[in-house]
Amino acid sequence: MLEVRALSKSFGGLAAVDRVSLDVGHDEIVALIGPNGAGKTTLFACIAGFIEADAGSVRFLGSDITGLPPHRICARGIARTFQITQPFARLSVLENVMVGAYHTTRVRRDAADRAEEVAWQLGLGPQLDMRADALTLAGRKRLELARALATRPKLLLLDEVMAGLNPLEVEDVVAMVRAIRAGGVVVLLIEHVMQAVVSLARRVYVLSNGRIIANGSPAAIAADPGVIEAYLGHGAAARLQRGGLHA
Amino acid sequence: MLSPEILFAGLVNGLMAGGIYVLVAVGLTLIYGVLHIINFAHGSLLMLAMYAVFFLWRKPLGLDPYVALPIVTAGAFAFGYLLYRALIGHFSHGKDENILLITLGLSIIIDNAALFFFTGDTQTIDVTYAGQMIWLGPALVALPKLVSFAAALAICILLGLFMTRTDMGKAIRAVAKERQGARLVGIDVEGVMAISYGIGIACLGAAACLLMPTFYVSPTSGHAFVLIAFTIVALGGMGSFKGALLGGLIIGVVESIGGLWLGEQLGQIGIPLVFILILLLRPTGLFGAAR
Amino acid sequence: MLAVLGVLALAAYPWVFRSNYAINVGFLILFAAYLGQTWNIAGGFAGQTSFGHVVFFGVGAYTSTILQTAYGMNPWIAWPFAALAGAFTGWLIGVLSYRAGLKGSYFALITLAVAEVGRVVANSLPITRGGLGILVRADHRAANFQFKDPIWFYYLALALCLLAMLIVWRLTRTRFGARLAAIRENEDAAQALGIDSFREKVKCLTLSGGLCGAGGTVYVQKYLYLDPSIAFGVDKSVEMLLVTMIGGAGTVLGPLIGSGVLHVVGEITRDLGNSLPGVSNAQPLSIIVYGAVLIAIVAWLPDGLMGLFSRRSKDARRA
């Protein structure tokens, strides 16, 4: 469904994304993990059209979408959430989600219905009339999700949607993402919260210093020495091997 | 077409005026650089300072504007400092547009207070040496203009030295570069910001003294000056001293040549047009950092 | 229900207060509310704070006035041309500014500069009679878009004001309006949800400019005189901004309420000022108060007076 090929983006000589290639298939949840500063959000921004890549290509459903502006990317069926939530602060939850729903209809009634449906699905039903900036962090994360979902995307890019949530809240969101997947939407998520990655993703890409250093099932990459080094530092893999888990 | 002599004279006069504009722009760019405030009241405050010069010149005080320079500058500093503490400081941490609206409100108040108390008449001052002319190559320049030009540049140099050599100057530059960091090393950020605003207004005080010998003042003067100041700062780059210097001189010349070329009425189009072109084509200006 | 009562009250006003003075004041309030509403579309809804909105007013005013005086066109026919001219100006400014990515303060300042360009051009061209201004020959016939009795202008202003409120109300219930609000709140997020913010903002400014330009014609037909400072002076821009912000930017009733409050406050200040010894013209005093009100609103009541109400009716009924 999504094919990223050799995507590169540098900022003033520093390669934030370095010849990254990845694939997301038609019926899966794929996770993108990596230490802080690895370039994950930059990669998302390139895919979603907020940043123009220096080189490489992004293809979606067979067509080239490299360099398209964000609203065109959305029109093609890709929706994204932001790492730091970006609610429409002074609008109500309902109005927020309706903006997403308006993507597929002009009619207010239909947009409102769709918005309500999605909001209830994500547990925001009781807060429909609340101002977006009055929500808790968990609420705002769900709002990001609801808004993006309301556009009826084919692919959902979730940027650290679990960040800042406590384990119970994480479980709720995990269940929601599973339900979204069951509803036919493909998901590519950036995550730090391993609980979520392990529960949701069939495949995981690991990004470090702008490069993909591993790709496989959650179990496989957890054991991959290169991945361990990326997170725990040089030589950590060998130390772990020698001294068991307390290196 | 314009003859080379007239063109040269226009150039020289433009530079002379530009020198003073530099002083006005330096204040604005300092305020922006340190406080991230677009001080819409800049023109109105200059107008106020010019009236101060006028009243000091009138009997019974009879102070020559150049003599009054230290007084007006100090007074302007104090006024700016207090203005920041009393009003502007409270809003300097919010949205960009809010502070723009607040300084807009301030300029409205100042302009109309001037209109109310001073009436709408334009005021000029006559100094005995106003008519004296000096030959600068083929161009004839009024002596006060030349003196003002030199004084403006001298003040800019002094200000530059202040910013680089004194502790306060360094503190100001620190706050401009990295507010949070400055706070962490113990700099009284609020105090520095108030002082910076004060310095910005002090520049206006000095500029007023240098302008009055050859200009006029009226309650509506603020409008023209604010656009000039913004254009210079946009051209030079928000927060850049070099930019204000170069920009001021360029704009002075643009204004002068524009007036010569297009006539007095249409010539006024030069400045807003330059402003529009800069914003559309190169919003960061010549030396500004990318926003 | 309340709305119907309100409209009836406004319609009845000139019958209750019969004097020409009262009717003219009514006209001024409603007309300022109309212009403010056009600003509201761009500044209140889309968050495009403009400091130079008067440029649309001036372009419209000059268009219909020149067509009338220099080309003999009937002012009613010239009226839509004024709106078109205003719309075109809005479109042009929108395309150029948004292409260049201008927003916030930069956008506000560029509109100010454009209005200034308008003023200088109007001051210099022979066709606008420069600083002398254009005098429209008084010929008080309805067919000539001139009314001897000010009550007609009052009703015209009322009609325009209601029309603008209707347009803005529709805006709150359509996709276009929702998109503008989204752009205002967070343009990046709006784009991520499929909104072509450039196109929507240009549409918005075009609409705003067209309505504002139409207002220009009405003004000239009433006062039969136009010059560059009236057409492009910064005072009108500020007034449009002020009435909307006082009343509540982004609301339907905001500009009307704001206009009423502003004029009442202005009247009171003027009367108080004039009663002070030695004061001959207290007009600037009322404008000082306007400046103070602007500061107060931005500082303490950013949602305007309507913001006070909406805080109470927090349980807004479902869409």
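Chains here go by letter, A, B and C, matching the order in which they are written, and residues are numbered from 1 within each.
In this text, a contact is a pair of C-beta atoms (placed from the backbone, for glycine too) under 8 Å apart; a residue touches a chain by one contact, two chains touch by 3 or more.
Since this is a predicted model, take the numbers as computed values, not measurements.
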Problem - Chain nearest the overall Cα centroid - result: C
Practice task
Select, from all pairs of chains, the pair with the highest number of C-beta pairs in contact.
Solution key: B-C
Exercise for the section: Tell me, please, which chain's centre (mean of its C-alpha atoms) is farthest from the centre of chain C? Expected result: A
Problem - Separation of mean Cα positions, chain C and chain A [Å, integer] - result: 44
Practice task
Indicate the whole-number Å distance between the mean C-alpha point of chain B and the mean C-alpha point of chain C.
Solution key: 32
Fill in the blank from the handout: The distance between the C-alpha centres of chain A and chain B, rounded to whole Å, is 50
Handout entry: Complex contacts: residues of chain C adjacent to chain A
Key = 173-175, 178-179, 181-182, 185-186, 188-197, 314-316, 318-319
Completion exercise
Given the complex, residues on chain B that touch chain C span 38, 87, 90-91, 96-98, 100-102, 104-109, 112-113, 115-116, 223, 227, 230-231, 262-263, 265-266, 268-269, 272-273, 275-276, 279-281, 283
Fill in the blank from the handout: Contacts from chain A onto chain C in the complex sit at residues 48, 50, 69-71, 74-75, 79-80, 82, 86-92, 94-95, 98-100, 102-103, 106, 108, 111-112, 115, 128-129, 147-148, 151
Exercise for the section: Name, in rising order, each residue of chain C that touches chain B in their complex. Expected result: 49, 51, 96-97, 99-102, 104-106, 108-110, 112-114, 116-117, 120-121, 123-124, 130-131, 234, 238, 245, 282, 284-285, 287-288, 290-295, 298-299, 302
